[in-house]
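The structures come next, written out as structure tokens.
Okay, so subunit A shows up in both of these, paired with subunit B first and subunit C after.
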Partner chain A sequence: MPKLDKMSNDELITISKKMFYGGFAFLPFLWLVNVMYFFTMCRKSTAPPALRKYVLMSLAGCILSFIALTTWYAVFVNKRVQWGQSADTITVVIPKGV
Partner chain B sequence: MRLYSIAIILTLLGSWMTTSFAQDIASSLYPYIYTDVSTWPCVRLLNATGQIGCHVPNGAGGILYQIESQDEINNFVSKHGGSKQNYAAVIPYNLLTKLVVANIAALDSTKCISGLIVLLRASSMVPEASLSSPDTSCPNCRFGLYANDPDQYVWNPQGQGLIEENLPFPVFGLNPVDTVSKQVFNIVMRGVAFNLKKQYTDYPLQAIDFKLFMWAAIDSETCLRRGWCQVVGGTSVFSSPSRQIAADDGKKSIVLTASLDSRSLFHDLTNGVATSLSGLVALLTVAESLSRAPVSLELLPKHIVYTGFTAEAWGFAGSQRFVQDISAQFQCTNATRASVCPFLNAPCTFPCVRSMDFKRINIDNIDSLIEFNSVSGLNSNYSSYWAHVDDVDLTQSFVADLQKNNLTLPGQNSQNTIQAANQDGNQRKLPPSSAMSFLQKNRNIKTVVLTDFQKELGSYYNSDMDDKVDLDLMSQSICGLADATAKTVFLKAQEGASTIIPAETITANCTLVSSLLDCLASNFSCPMMKNYFNVSSVGRLSHYTSVFSFVNPQPQLLSRFVFTFLGDVTGTRRNNSDLGPSGCSTMQDCISGEYCIRKQCVSTMTAYHDAYGTGLTYNESTGKVSVTDPTKGTWTESTWDTPTMRVFLVTSTKHQVIELVVGVLWTLISIAVVIFGRSFLKKTFKTD
Partner chain C sequence: MQAENSDSSDDQLPLLPNVPELDVHILDEPSNESPSVLSNDPATRLRDLVRFYMNQLTLLFYPLLVTFGLICWLETTLNMDPLQESGESNTDEDISMGDIMEQLGSSIIYALSMVLGIAMITMMFVLCFKYRFYKVMFLWLGFSVLSILGVTVSTIWIELMEIFNLPIDWITFVACMWNFSVVGIIAIFWSDGPLWLQQAYLIFISTATAISLLRLPPWTVWTVLVAIAVYDVFAVLCPGGPLKLLLDIAEERDEDVPALIYTAGMASLENTSETIGIYHTEETPCASSSKKPWTLFNKKKSGYERIIGEEGDVENSINTNSVNTHIIHNSSDGPFIQEGRESESEVLQEEDWNSVKLGLGDFIFYGVLIGRAAATDAITVCSCIISIFTGLSLTILILTVKQQPLPALPISILFGSLTYAIGSYITTNMVIHSLVDGVIII
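The block that comes next holds the complex of A and B.
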């Protein structure tokens, strides 16, 4: 891939847009990549506002999914035993001994 | 360049050598470090409300430390309480009390005592005087007849309750009765002596580590669903000399019952001599005495039924299931099962049953019941037996009949008749017994539970130390009781007849009592057993119920013996030679309906019956077991990874930390040397 400085604004926006929409396929890390990849470009004053929009939304999406996943993890780990059968049906490898 | 290629070649050579010799190193180095020993662990069992027993998620281990008294525990806490070093305590059974275990659990959280090795009778290190029963204060009372009574009598107030505790640290038993256990005992005691000599401070010391991983957790319902546990159960046996007994023949029955097995903390070492084996021996002796009656028992006005129930210690599983099955309607649908019915010529394939003999026993026709509970005599010092009843008025004449026959007991100040347990004015009602299951269905049965205790179950109840066999004293006591009971039963079975045959000729065979006690408690491959089975390598039998297999139910050795013995004494040898010779070597040599017992074809009304908790139901169409009634017995046993114990030498933590630090420093220094050395050499020799 050519260096970011050499790409036109339109190309940058297209890539960011693709990464943003791609992240909705349960790929929160793609959002994170989007943010990290275009971070320096956004900081520049010449950056198009559309690029900033996509990067900011990707950041929001990334943080929200992080919170959602962490909450689900905490709930599942603590309530798995209590939920009994329903928890067993959604667990891939049921831990032995606990 | 040449240096690099040589380095690469050397690395490759080294890795080839390590991989090819790794196997050898693992198998040849391991025995130099570790000594694996056999184990007799405390394992995890589950029921509808939770789990009991021992489970260790990640291994545990520590330096072998011997503790012989309560004082030594206090010393240990003060001396080593704060240190980071782990210890594995070797304690005698009398120290396994609730208090000590609570202390250890508290220490365990600071990772001090990480495991226990408990020494039993054969180690000669357990003082007999300070023993206590590990069972709860009222064993199985919540499954008993008085579960809903407000003031249930507490039968085992001295009980430690450890048998129903969930212990988070490993506990292993050690009873050096045979070659293997003696070997393990020697290894452990040598390690302990070594450490003692070194004052537990002069490292290296002998240490032991444990692996005790149980798969199941939470409760029976969960582990059955996951398939990580198996149902605790076995096979009960029932038999009657009345080969034509039928549910609708209008004749009353007298039931004699005993428990076939027992329970303790270490299931491989369970013996239960005083607790239940004595009762079984009494039952078999009475059956044998009655078989020598002057008239055929089939002709008496009442039937006599002998029942031996398995898994009684687990919520009265055997008796509850038997009573449930004989009272319930039996409907044979012959629908398809998940697995094929394992019995040959089964009378019904859905529900799959061995025989329909259990439907011939009518619970409403049971007139009286005698249970042989703990009857070794040990609890009363071989001087008295007690009759416990549920309803005093109903059983007054029954107890009086029992008291008409004299006992000859070997103890000092022995009573010469069976005593009424409530003679001191306290009606404590029945102790935990199989009789309760019958009374739950039919409270009008005149029931007497015979025991050698009046007020408390005793310190040997369900204990791992319940393997004391004073053969002469015990057999004399049990023989005396069996004699009196057999006479009473013979007279009782004639109630209603026009002429009563006196019972003087009914005598108990004391040699039989002695042989039975010796065989079933100490050595199953005894001369008496060779008459029934071809056994040679089975020594001390474990009297733990073990697990029930629904797919291939095979009766355990003890159930098989009881079946064969009762079949022999209640059955009749074929005397009609038209049907062929009556001698045989296997069952196939006899006609259908006959069994080959002691090399003779015998026809008898003896049958097996499944025994597992009545709170569990086996769905034959799906092949799955589930908990259907949490208020009844729902015991299951967890599947486990092989428990291991291994002994090895260990250095002090300080030493290990120093080794680690030195190693890390060495690595860093060598990296630095290489880097600086390389650049120095480059500069000095100017090669590229």
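The block that comes next holds the complex of A and C.
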């Protein structure tokens, strides 16, 4: 693993770009990793704007996906009993004593 | 091995850091310690080297502790189901001799078959390496990592959800598992990714594999542990052992052996990505400190990473592989760069040989021992952890002195098993009765 500060700006942008585009394959976690990895780099004033752009977009994508997933899960948990049989077909773990 | 290499030639980038057999790359010691680096007194150098690597040893303790903690928590949580038949139920006194012999017999058969399976897979690995079927190794490793991250972790997660009585639907489940596995593959096999992510995933892989190994009946687990420890000694030290063969081939070709190795530290890779060609992370089956990852259940933790750089495979493979332990403060930035090494790979190498690495197989089998101890009480677990660390320190000390690949498993497993036996049967009772009967007053 290269040390972040030893890599040139171009390398950093390449890595960030790869992680950003990779995250479009339903991988918001990769976006989160992108943000966490380059966060300190972005805070510095020497950071290239392209890097900041990718990190910011990754952050936005990650937050949106997280909100979407959490909303769906909350809806599912609360309405599961109500939906009855259709909910059972998409459930992996059915808690005992519903 | 690495020691000799590094000392002799600088242009020869030793696979040292990456060489699995040597989890500690002591060779470059002089550059690590600035003050006595140039000391020609072998005694002083040795002493400094030992001190240096002992400092690095603590870097290995943190991931081991995290792994142990995870395994203990998972073991105790996953076995909480009262409907489950506990495997420990037959440790009562009224077990007939026939039962014990039967258990022992079946466990020995299990252990032998596991060791045979592991040996076969390692031999296959050696053959692939020898005839340069790198793609096969790469795919094999990737597949095994994917299956561990996908299947085993899914199973553990579902069991956890069942115990906590939480519902999970397919959509959330698939989304989370897809994310987890794919990012795991990326983290382990992509050298440009973050180090801490790779370390975390290596810890997850070790935990998952250890948990799945702990599903065997109790006696079998112990027999398997002992058998694998004995096998490790033969595989690494005997001339015909597969690990030794792997190391020899790697050494004569000056390449890096594929292996999944945990490096605890910051790797400072000076190389730019242009010089890094194809790399695979590999889990070293060999390596003195690493244990073979192949299990009978076909879970492979190894990945082979070989970097084909312009100067050759050397350094890159080391760096990209797992995590290279890097002693940040002791980075060889100082002496070697000043000596005017142009090639980045060499610089990399310098920095690399300071790192201490531990093979993933060691993580797994240490974890299995601790998981077994977790089924009893906390006193046994703590003493087993201490004994494993003692064994590891001793192994690295001997490694530092002998400078030759050594198996990391036997000493620790020996200490650990003895401590478990003594702890669970004697120490626990002693401490509890001392407290209850008022001998020790808290």
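Here is the rule we go by: the second predicted complex is superposed on the first by the 98 of 98 C-alpha atoms of A that agree within 3 Å, B and C clash if a C-alpha of one lies under 4 Å from a C-alpha of the other, contacts with A are read in each partner's own complex, and residues count from 1 in each chain.
What we mean here is this: a residue touches a chain if its C-beta (ideal position, glycine included) is under 8 Å from a C-beta of that chain, and two chains touch if they have at least 3 such contacts.
As the structure is a computational prediction, the values presented were derived from the model and not from experiment.
Student: Between subunit B and subunit C, positioned on subunit A by superposition, is the outcome a clash or a fit?
Tutor: Aligned on subunit A, subunit B and subunit C clash with each other.
Student: Look at A:49 in the shared chain and tell me whether it touches subunit B only, subunit C only, both, or neither; answer first, second, both or neither.
Tutor: A:49 contacts neither subunit B nor subunit C.
Student: May I ask you to decide whether A:90 touches subunit B, subunit C, both, or neither, giving the answer as first, second, both or neither?
Tutor: Second partner only.
Student: Which partner reaches more residues of subunit A, subunit B or subunit C?
Tutor: C
Student: Just subunit B (first), just subunit C (second), both, or neither: which does A:11 touch?
Tutor: It touches subunit C, and subunit B stays clear.
Student: May I ask you to decide whether A:29 touches subunit B, subunit C, both, or neither, giving the answer as first, second, both or neither?
Tutor: In the superposed model, A:29 contacts subunit C only, not subunit B.
Student: When the complexes are fitted on the C-alpha atoms of A, one of 5-13, 347-355, 599-607 or 671-679 in subunit B overlaps subunit C. Which is it?
Tutor: The segment of subunit B occupying space taken by subunit C is 5-13.
Student: Which subunit A residues are contacted by subunit C in one complex and by subunit B in the other?
Tutor: On subunit A, the overlap between the subunit B and subunit C contacts is residues 94, 96-97.
Student: Touching subunit A in the complex: which residues of subunit C?
Tutor: For this pair, the touching residues of subunit C are 158, 161-162, 165-173, 175, 178-180, 182-183, 186-187, 191-195, 197-198, 266-273, 319-320, 323-324.
Student: Within the complex, which stretch of subunit A touches subunit C?
Tutor: Touching subunit C: residues 1-3, 6-8, 11, 14-15, 18, 22, 25-30, 33, 36-37, 69, 72-73, 76-77, 80, 87, 90-97 of subunit A.
Student: In the complex, go through subunit B and note every residue touching subunit A.
Tutor: 55, 57, 213-218, 221-222, 225-226, 228
Student: Under the stated contact criterion, what part of subunit A meets subunit B in this complex?
Tutor: It is residues 81, 84-85, 88, 94, 96-98 of subunit A that touch subunit B.
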